[in-house]
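You will see chain A twice below: alongside chain B first, and alongside chain C after that.
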Partner chain A sequence: MSYTIPTISPYTPEISLLVAVVLIFLLDVAGVKSRILLGGATSLFLLLAFLEVLADLGTWPLQGLSTLPSGYLGTLQGPVIFTSFGLIFQGIFLAVALIVGFASISDPDEEGAPTFYALLTLAAIGMLFVAVSADLILLLLSIEITGIATYALVGYTRRDRRALEAAMKFYIIGALSTAISFFGASLLYGAYGTTQLSAFSTLPANHELALMGFGMVAAGLAFKATLVPFHMWAVDVYDGAGPNVAGFLSGGSKKMGLFALFVVFVAAVRVFGAAEGYVLFLALGSLAVITMTLGNVLALEQKTMKRMLAYSSIAQAGYMLLGVAIDTPAALAGATLQITADVLMKTGAFVVVGAAASLGIGPLITDYKGLGHSRPGISASFAIMLLSLAGMPLTLGFVGKFYLFFAAVEAPGYFILLAIAGLLNSAISVFYYARILRLMYMPDDSKAPASDGHSLTHSTLGSATGPATPRWASLRSEITAVGTARWITIVSVAVLLVLFGIYPTTLVGAMNSAAQQFWTIGF
Partner chain B sequence: MIPLDELLVFSGLLFSIGIFGVLTRRNFIMLLISVEIIMNSAILNFVTFSAYSPSSSVAQAVSGQGIAVVLIGLAATEVALGLAIVLALNRIIGSVDVAKAMELRL
Partner chain C sequence: MSLDLSPLTYLLALAFGGTLLTFFAGSRARWIALATAVGTLGISIWLLANFQLGLATDYQFVQVTHWLTLSTGGSAGLAVNYTVGIDGISLPFLLLSAILTLVTVIYHWDERKNPAGFFGLVGLTNAGLLGVFVALDVLLFFAFWEIVLIPMFFLIGHWGGTRRHYASLKFFVYTHVASVVTLVSLFAMVFLGNWGSMDFGGSISTADVAALNVQSIPQITQVLMFGALFFGFGVKLPMVPFHTWLPDAHVEAPTGGSVLLAGMLLKMGAYGLIRIAFPLLPYGHVAAEPVVLGIAFLSIVWGAFLSLAQRDLKRMVAFSSINHMGIVLLAIALWTQLSVTAAVLLMFAHGLVSGLLFLLSGSVHHTFGTRDIPSIGGITSRTPILSTMLIIGSLASLGLPSLVSFPAEFSAFLATWEALGWWILLPLFALVITAGFYLWMLQRLSFGPAHGIPEKARDLPFNEMLAMGLLVSLIVLYGILPYLIVQLIPHSAIFATQCFHGGSTVCATQP
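Up next, the complex of A and B:
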């Protein structure tokens, strides 16, 4: 085996983040606890890394996204490979970290600020390596680096009982799934004699051993991706963790699991699919349908906002799994689009829940009643996110679902059934998203005496001052109440959703060519 | 030399013991140990397959042992964090019993 020392350039995003972590630790030692300073520095470094990834893609300044360069792309460097598909996912992961990091500047100041930002950045570093690994062991190790950082992130305050309980559940499930994945990887090592992902595009001599290994790796990754038989933990963990952390888990760590599933299985599914006939596709397809249906149906009957969002997050994972279940590059591109959309809308929605909590609004869905009248800015943004989650046109959520279902219709065989199941599920999901919209914007009857104190005082206060003072004044009071950074994050996420929803061409072009390239490289 | 089959059966048994422990135990420390047993069965597998590797490339054959060393480090890291979480939880609910931490079901 010959070692080539890779050039430093492709690793600049990771190095920038490592510098950020060291800087945060040094600031912590120096006694700096200010969220504005720490969060600002972290966000700057994350933004820098994001721009570096864009530059790596050859897309800076943001034009010609559809023509990706070759350069070092696609050449194997030890256990690392840079593909445009992986780089796009690096961008996605950094976007999640950036949204969460910037929004958290407005969190109430507490002792844990340096810990929070250091862990967030460390988790982002792990994700960056997941996106470029060409070796199963590096892939699983990077997942576990992110995992360890996120287990700690859920319970980092160490005082909140619910958060600690969530951290404990997340830890047990995460460690168990990693151990199972590694056991599967050891079987694959036995079957193939190597752990290079490129080796998995051939049928090994010991067919059964490899199939068992793939099954176990898949089970471990399915835990991370919250696919249905392995989804039970997600709701409790998202519920117990702080809203911003929940957004990071749902937007980042779950997408990491899905990406790993794509990377490991796109080649393997084809090889074993050819050997076993349609059984494997049937299994993956029905898993996707079961995941989306169960997530949507259970979301219907939730009473608290966070649990509803958690179940809808599980349902979204079902849509994205279609990317591997349908055996075409178009489906993979559609799934990537859907992942991009979900990162924005789901992380954004969790940030809104955090903002609502800082306004004194309770955890129940009914507590959001009348929010549209008292807090116009964040309600409008939240409405856009919910419409996008429901897959309404003119939002990025529609674009993702459109390309995904279109790929299912175009694919040969019975994949059209998957498109029908997906459409039916979208219809179900409209019910619970529309319920929130109706609650937020229904005619204001909150003049009635407030029955349960805290949650209603704010909405009555807002509606009382609303008509009397000009709109801008109420918007300004909203910004100060929510926190400037958090408000900016929420509104810009909503703007991005609409912007990409109206002009999806560049994004779609980039996803398509990346998925094509990924398809031809073979892993 | 021990036959390959026996080593694989042994690691399979370890794996089953670990899974059984995770499913039945309610003590957080016991859960930690069970997860570690599963991890150890994976490590044992890597070493076994490395020792019996038919590959002519030495680097490929030895890589399993390298992976084993890395995994031992990973397992230690995981346990350190797990113990930190259980300590913090014990300080609040005064128990390491997983069944006592069930507030989130409500």
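Up next, the complex of A and C:
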């Protein structure tokens, strides 16, 4: 197969990130260790790349800046294809990197800073390529670029032994999953005679071989996406890594795994589903239900915030898997929306954990007791993220979950059971999120009961014993304590969650058409 | 996006905005909460004043703004709109919600346990309730429905009595499971009925309402869907045998929480039945009528007997709610113009009266240190105002003429007689029991020799008196001039009961 040499302009986001990586390395050599400078430069480049992707998607008012040649979108360019679906995911990946990169400007200065930003940017480049791959090998290789960068990212703080342990664990599991994926890819090559993703929308002659190949690729990708039973590593790694890095893994590298699952399987599931009957859908559906249930049930009994978030992240992966388990345009759009929501709320939540650590708050959930009164800004933002995770109305999390469950009801057949399972699960999840809210805002809950909220006499009225009024002064001290960049990140993530929760119209519109197109073409 | 905002949008914006401010207002929270409550009441009264009676068969103050489109594969997709509008059925509930919120804020004026949180949550409950009663879109309706749950969970769980954790969890589990069942059934209705959008009113004119009709759905599916909706809304109502969350939640809830719970949250279930389950699934409710009637009778009688057995004043009032909501369910089940009018009026009356009674049981508790009826007595001599209020509240609840419950119960029983004949004896019998337990309670608590009254017991403080006085004056006002509310309802009731039934022919001839 001969590939034509592609024009370079569509790759502006990738190139600008490469420039950033080179720049960071040069700055490192020049002896610049300042996080403000390094992080600022990285964030700027990530922002530029993000805006460029928005422009490519035709977002008002940036549409004039698009660098895609006309007719480029949706046509195969060798191993690469630019689709709106892929571009949306590029945007999602860049948003995660931007959140993490900008927030970690507030991390304490230490020797690893240039490494951290270079690795973060490299990981983002890998993700960008995942989003435009039209060939299984390019897809897996791009995943590996991100993989290697993230293994190092987890262990970049050389002083923290737990982070090193996590990095080692992550590396071994990652290498294993890559090996399995590539072995699966070789089987698929045997079955199809090509590794082009577009080929997977046909039924090959030897379809047992193809099924086995798909199974192995799925297993490899399921590690990345933290689907049960390949989820065991995730909790330890998220727990051991720094909070920002954990946010990047949960928001970025996991979503990359899910996107890869979509790309490889959306067409294949349809074709094989027609050939094999409902067995395949049953398997995928139960995988999704098991993942969400296990994640939620285990999250219920966690004592530390990071492990709780890690399990809730596994549960979220279960919801998102519905996108390919139901395999309709609506389900894909719903999953994309839910992924967008999760990127904001879960990455944001991990950033909050980092902020809490910088305030001297311990790792336990009970350590967050009373935070609502002492640190009003980040607590309110965290509360919004938790409510969004629980799927409460007025947040983006509600719209995403609602759309997914809607898709399950809308799809023909027995998918309505998935909606019921999902709804019950989301009812379970409310409890562990609500527990944190109660701890943060109602810390005195274990004290003696107040009868009817009144005391027996009215004589002592007026001596307000409530918490001190939050004032601008305390907010300013909060910003100083948390770090300006981190504080801005947390608050803007929360604001975005509410804004998109109230006005999801354009976001959903873009995802609908992208998912429809993606579902029709198959990659 | 049109910028033609409905006054209802301003109402919601005020309620939600005020709530947000309240949460962050610290010690000034009560003033902001008061301003918000007065503001929402003001807008509700403005709506009442500008509501056009002649047009009452259709929704008024409608705003349809596209919110999002759900992809459904192939076709144009399913639109979800921000659609709001009110008719004569929802307007009384808006008024009631605003009134009860104002009363709650006044009653809890001296709340000292985290006042910003308390008033914020009360405001959020109100905002969510207003949303439920103006929403004309399935998703919007459900979103507001869910919003109401959260603040109530916290109100019970944090400001409640000794067993508040158990009670709040039980409340949450019952109502949340009910919501899930409701949502699935609502979705099924939207799909199987091939709706073009999720609106069930507002964007569709009266004549087109048949387009929503789910007559094309197989009858057995209709019955199943109706069953799911009936269960979902009925748990909220609550109906026997799914009523057990109610006494626990009520007994543990703070006074204001109980007022909103009994006054408004129970009404959400009945409103859902009137607005969605009954009109949109005509075959379902016809088929299920014996069951619905049976449950209604059971709730009426069972609720009355349970109340009779209670020693705790608040628990007694809570169980009497089951009895009253049973009459509401009976009236809805009959599904005639008169009976639906009666149901709405009954709920309006019950909101005011049970609100008053819950305020009273709160006051009794903190004045005398207990709500146990036998252990205190003869309170009239020491606390005449409290006792007077208690007498008025009890008489209103048992349906004394010239107080608001009387016209409501009378029309409900009239409708029952028209439709069911001598079956009316059953609820009438329960009515006698209701009168019995209230009078018995008064005999023991208000009259007789004084005993069990602590030395420091004082009569009502000003703010509690004001809150109760407000309710009492409304109870008397609407008791003497019931048409002030009644005139709103019948046009909308005939629309609900008949337009959806055989399609649009009936509606076309409506005034």
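In this text, the second predicted complex is superposed on the first by the 482 of 523 C-alpha atoms of A that agree within 3 Å, B and C clash if a C-alpha of one lies under 4 Å from a C-alpha of the other, contacts with A are read in each partner's own complex, and residues count from 1 in each chain.
Heads up, the rule we're going with is that contacts are C-beta pairs under 8 Å (C-beta built on N, C-alpha and C of every residue); 3 or more make two chains touch, one makes a residue touch a chain.
The model shown is predicted, which means the values in this text are computed figures rather than measured ones.
In the superposed model, A:Leu423 makes contact with chain C only, not with chain B. When both complexes are overlaid on chain A, the residue A:Met442 reaches chain C alone and has no touch with chain B. Contacts of A:Pro329 after superposition on the shared chain: chain C is touched, whereas chain B is not.
Contacts of A:Val399 after superposition: chain C is touched, whereas chain B is not reached.
In the superposed model, A:Met168 lies in contact with chain B only, and not with chain C. Of the two partner chains placed by superposition, only chain B is touched by A:Gly155; chain C is not. Counted by residues of chain A touched, the larger count belongs to C, out of chain B and chain C. Touched by chain B in one complex and by chain C in the other is not one residue of chain A.
Those residues of chain A whose C-beta lies close enough to touch chain C in the complex are 328-330, 333, 376, 387, 392-394, 398-399, 402-403, 405-407, 409-410, 416, 419-420, 423-424, 427, 430, 434, 438, 441-442, 445, 449-458, 461-470, 504-505, 508-509, 512, 515-516. On chain B, the positions that touch chain A within their shared complex are 15, 18, 22, 28, 31-32, 35, 38-39, 41-43, 45-46, 48-50, 53-55, 57, 59-61, 63-64, 67, 70-71, 74, 77-78, 81-82, 84-86, 88-89, 92-93, 98, 101-105. Interface residues of chain C facing chain A in the complex, by the touch rule stated above, are 24-28, 66-73, 77, 108, 110-118, 139, 143-144, 146-147, 150, 153-154, 157-162, 164-165, 172-173, 176-177, 180, 183-184, 187-188, 191, 254-256, 362, 365-366, 369, 454, 456, 458, 461. Interface of chain A with chain B (complex): residues 1, 137, 141, 144, 148, 151-152, 155, 158-159, 161-162, 164-169, 171-172, 175-176, 178-180, 182-183, 185-187, 189-190, 193-195, 236, 239-240.
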